[in-house]
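In the two complexes that follow, chain A is the common piece, with chain B as its partner first and chain C second.
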Partner chain A sequence: MQANDKVGIVIVSHSSDVARGTADMVRQMVGGDVPLGFCGGNPDGGLGTDVAKILKAIDEAWSDKGVAILVDLGGAETNSEMAVEMLAPERQGKVVICNAPIVEGAVMAATEAWGGASLEDVRRTAEELSPQ
Partner chain B sequence: MNNWKSSSVVIRHAVGLHARPSVKLTKLAKTFAGAVQIAESPDGPWIDAKSIVKVMAMKAKQDSTLYLRASGGDAATALDALVTLVERNCDEDRAHAASG
Partner chain C sequence: MPDLGKLMDIVASRIIAHAEELTALDSAIGDADHGLNMKRGFDAVLADRANILAKPLPEALKAIGMTLVMKVGGASGPLYGTLFMALAKELPAEPSLANLARALTAAVDAVKARGKADFDNKTMLDVLGPVARHLGNGTATFDSVRELAHSRAEATVPMKAIRGRASFLGERSIGHMDPGARSSELMIAAVCDGLEGKE
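Entry: the complex of A and B
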């Protein structure tokens, strides 16, 4: 909950290994100054995503400048949308889900966030990668 | 913005300006107030060195020359720092040694 001058990044994958590996790449390539949260897998440890885990990851990465979420497949996006809807109303407007590949998007978004960019600029940078 | 200072440096790193060096170059470029641009030819096209997506998409190769230009009050400092970073192989030798 501490104030941070950098947008936070959240990684939501169906696989806890993919989520952790993507977070490792962000940490090693961009560094530790960007608030980062990640989660993967369902509550039983299998493949899937879980709203409660996503909420926790958003909380870990929270920044008053906002949080950009990177997701992999379908359920990761719908569960992330559900998690955003469950946030306190004053937080909801500060969270976006990026339409970008999860690994590349996370590294690009974190690099942009590192420089102090706005949430909208962070999202645009991640989404620049997607085919137009 | 058209009062550019220019420099150039040869990329010696074995894999060129790949993912990790691109992030380092972009992060460094972002620390300067003025515009910083890079190109593979002295005639351009010039791309924004503060844009990670554009720098990574450039895929500058080993032994190619990277042209840099910067504007603003800290232009000279910016060029100096960026050239030094590329000359140091973006500190990748150490990173590679560490990762075996």
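Entry: the complex of A and C
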């Protein structure tokens, strides 16, 4: 399968170390076939999130099957929602933000994506990790 | 017609001057970055001053909102960015007070949706919502708006946070002023002072 046959995964953390570390875990456990983007840190490089970096990460992980975003704390979610609204209209409907723990969610979502699952299935698998 | 450059300068300089206070409020119940983040956003607005002021009011407000979204780096970026961008969408180039009241009401709704928050959740909405309603009832003066913004920010002290980072603290968020309510109060007071010709 081509990379574009799999849903892409984006990791958005307040910390660039957490984002990179989570991406490393996904790569090691799931391999390099799943389109992956990650970012962390505010525009000055401190803790926080950055809409421009999120847009770039979505672009890097882009797949026609869609992109699932995993976030850590509130600002990462709000900034990710902002970034999704700033995408081209034809892309907006193909991006979801998962309500799941960032590390476990990213690994589970990527595993599901690797098997060729739909965006909705990838999201559901990640969100099964959240307390109901 | 208010002088947008002057309003922008006074809002930005107040936020920048109170950055440490905002960060101190945020360190009590959040992640101690609100003042720093807002300062970064408004420093970027000032850096783009000439470009922003070359635009008509709605486009200028949109540019300010986009700058905050892109530069603040915390949740307050999209929240304040949404506020300015919603104002941009609603306001004509030369707004009346009635236009402003309607636009601020719409902008408060946009911020509510962005933050998935409601009134009495201990957020900026607890200042902006009452001010929007007050502007709409036809009795507003600069003094009454400033006083309302101040008293509504104070009123967040006994509230328990329902949204945002402070909500992680639950009951322990009680007893501290919400940093976003304070930054909203500062902006509203700055706009009143600017329109009144104060420094």
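Keep this in mind: the second predicted complex is superposed on the first by the 129 of 132 C-alpha atoms of A that agree within 3 Å, B and C clash if a C-alpha of one lies under 4 Å from a C-alpha of the other, contacts with A are read in each partner's own complex, and residues count from 1 in each chain.
In this section, contacts are C-beta pairs under 8 Å (C-beta built on N, C-alpha and C of every residue); 3 or more make two chains touch, one makes a residue touch a chain.
Bear in mind that the values here come from a model prediction, so they are computed numbers and not experimental data.
With the C-alpha superposition on chain A as described, chain C and chain B fit side by side in the combined arrangement.
Shared-chain residue A:T22: touches no atom of chain B or chain C. In the superposition on chain A, contact is made by A:M108 with chain B only, not with chain C. Of the two partner chains, chain C is the only one touched by A:V51; chain B is not. Look at A:S13: by the touch rule set out above, it reaches neither chain B nor chain C. Between chain B and chain C, it is C that contacts the larger number of residues in chain A.
Residue contacts after overlaying the shared chain place A:E128 against chain B, while chain C stays out of touching range.
When the two structures are aligned on the shared chain, A:G74 is found in touch with chain C, with no touch to chain B.
Figure legend note: chain B and chain C, brought together by superposition on chain A, show a least Cα distance of 27 Å.
Chain A residues in contact with chain B (one complex) as well as with chain C (other complex) do not exist.
Listed in rising order, the residues of chain A touching chain C in the complex are 41-44, 46-52, 73-75, 78-79, 81-82. Contact residues on chain C toward chain A in their complex (touch as defined above): 31, 33, 36-37, 40, 69-79, 81-82, 114-115, 164-165. Residues 28-31, 107-108, 111-112, 114-116, 125, 128-129 of chain A are the ones touching chain B in the complex. Considering their complex, residues 19-20, 23, 26-27, 30-31, 50-53, 56 of chain B touch chain A.
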